[in-house]
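Right after this note come the structures.
Across the two complexes that follow, subunit A remains constant while its partner is subunit B and subsequently subunit C.
On to the complex of A and B.
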């Protein structure tokens, strides 16, 4: 069976759609949550074979655990989203959301604050995507985890790309005025990427 | 208008969102008592036993979502004041909720000023 793939032009178009949704609605939502200005950068979209997924691991994520929120959207399009940052950064982020000056081990409330951040940011992103591409999506309940980036990605990758053995991935980085950094990784399989481009 | 004698029920599976809403309610002096429920099932039970003056109801929850809980509460009390809480402008869900009897809706992330206004407005309604 021939593997489904996307052309350079299709990847470019998808990149434009994601950039538009992230750089407007998602950034606004994060800025409102944190109560401070946020800037973002959106990386290149690429098709990865399962064997190449290690290339998605950022250098800083090699040696430490990440605190992460992951969720899937289903409906017209199936997409996975992973929000992640180093564990210590996650604690600082949660402390900021809760108006705390100090942070220690992750409490349930702090975990909840990060899960809801993922939920809200995804709501903004997929709301924008639904309007842009006329597709309906249903959100899963977000999951929170602290683990290596590789383990976090593998879990999502298998769920999303098991049939195609490949993934389209797009990464974004958000940087707040108080120097909080959050990364977002969007993954979908080629078939769903094609569907998204056709405007459901 | 002084709402200090009012009772508000906050229904949301995320403890963080319950904390944020409680903060907004207290900051605006909207209630003397705030009850919490973690899902739709608990929310309906809390409505029956506590008889709050206002309910904020999250849409996406496990074990009975906001629409299911709203439907049940409106059956118990057609005059119930329920404000839906959604994480995105989900027009269809909001329309469904308004048809079922919800009074208004608020969107996450919250604009605190707007949320206070909406809660105050609905509390003043009959």
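On to the complex of A and C.
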């Protein structure tokens, strides 16, 4: 299993790249989708041992289901991106996208609208990354889930951490003017992070 | 000696992703959370010893015969648990197993082999246990949501809790 690691300097450079792509293109894309201004905060990027991944779990996660969209991006590098929010928030988000005033159970159409949001946000992020780092990737079909954060995180860890014993995670939180919140969790292994940095 | 970090809290050994944990005299409950992964427990009900692995993938696909995360791959996890249990006084002919997990968390899962990882994990575990002639006494696998799993070594009971179905004991 890879014992590859990243230096503090490399993590810092990666953080700058992600921050630039998210705070420009992804924020704009979300703002356009929702038709309102969106603010964003990008968290510190960190290297986690598998046994430490639970530290990414928010404190409330055991008592609340999340609605989530997962996309795996492959090509020059392989990255997993998870978009998630509390289930109730997800329904409100979908209702907004579909121009509905009420929000009930997740219908196929609502699930599809959230999956499409994931697609668009990832398209904007990886489009910016391609421009910044000359790094070409393609998105897989998005997956939709309603489950605890632990389940979502575990899935992402399996997908991305097949041959690695540590993973790099970066999270970003988006707030719209009407108080819709969405979180984005980017996960990649150290080998792919190195590949991305080489292209700098 | 396990490389896996084991978090012990009041009689309970918490097993992280890809980890392995063993019951001790003081700590008889093994606990983990699984979504598409599988909580596999192998135990000897007479010797009162048990090991639990948080299995993430079916086969070890790395260059290392024993990866640092011993519970991550079903083949390595089972081999490691058996070795440890026997060193703790378990008899191979008395070993039994229970498992839970292997959920299909994300929809659109049929489109990619990787999305069916839960089913691949449970199938591989069944076949390796059959090779070792270890019977699976009970299991709670599949469905679409994650589970909290606790195994009580004294009672040889696996308690499973999920947010949709509540609590069940197998």
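By definition in this document, the second predicted complex is superposed on the first by the 197 of 200 C-alpha atoms of A that agree within 3 Å, B and C clash if a C-alpha of one lies under 4 Å from a C-alpha of the other, contacts with A are read in each partner's own complex, and residues count from 1 in each chain.
The rule is short, and it goes like this: a residue touches a chain if its C-beta (ideal position, glycine included) is under 8 Å from a C-beta of that chain, and two chains touch if they have at least 3 such contacts.
Keep in mind that what you see is a predicted model, and the values were worked out from it rather than measured.
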item: Fit-or-clash call for subunit B and subunit C when the two complexes are aligned on subunit A; value: fit
item: Included angle at subunit A between vectors to subunit C and subunit B, based on C-alpha centres and rounded to the nearest 10 degrees; value: 120
item: First, second, both or neither for A:116, with subunit B first and subunit C second; value: first
item: Touching partner for A:55 - first (subunit B), second (subunit C), both, neither; value: neither
item: Partner chain in contact with A:139 - subunit B first, subunit C second, else both or neither; value: first
item: Which superposed partner A:16 touches (first subunit B, second subunit C, both, neither); value: neither
item: Contacts of A:155 with subunit B and subunit C, given as first, second, both or neither; value: second
item: Touched partner set for A:32, first subunit B, second subunit C, both or neither; value: first
item: Dominant toucher of subunit A (residue count), subunit B or subunit C; value: C
item: First, second, both or neither for A:98, with subunit B first and subunit C second; value: first
item: First, second, both or neither for A:126, with subunit B first and subunit C second; value: first
item: Per-pair minimum CA distance [subunit C against subunit B, superposed on A] in Å; value: 9
item: Subunit A residues contacted in one complex by subunit B, in the other by subunit C; value: 141
item: Complex contacts: residues of subunit C adjacent to subunit A; value: 4-5, 16-19, 33-37, 56-57, 61-64, 67-69, 72, 103, 105-109, 111-112, 114-115, 117, 144-146, 163
item: Interfacial residue positions of subunit A with respect to subunit C in the complex; value: 1-3, 50-54, 65, 70, 111, 140-145, 147-148, 150-152, 154-155, 157-159, 161-163, 165
item: Partner subunit B, residues of subunit A touching it in the complex; value: 29, 32-33, 97-98, 108-109, 112-113, 115-116, 119-120, 122-124, 126-127, 139, 141
item: Subunit B - residues contacting subunit A, complex; value: 13-17, 19, 60, 62, 86-90, 108-111
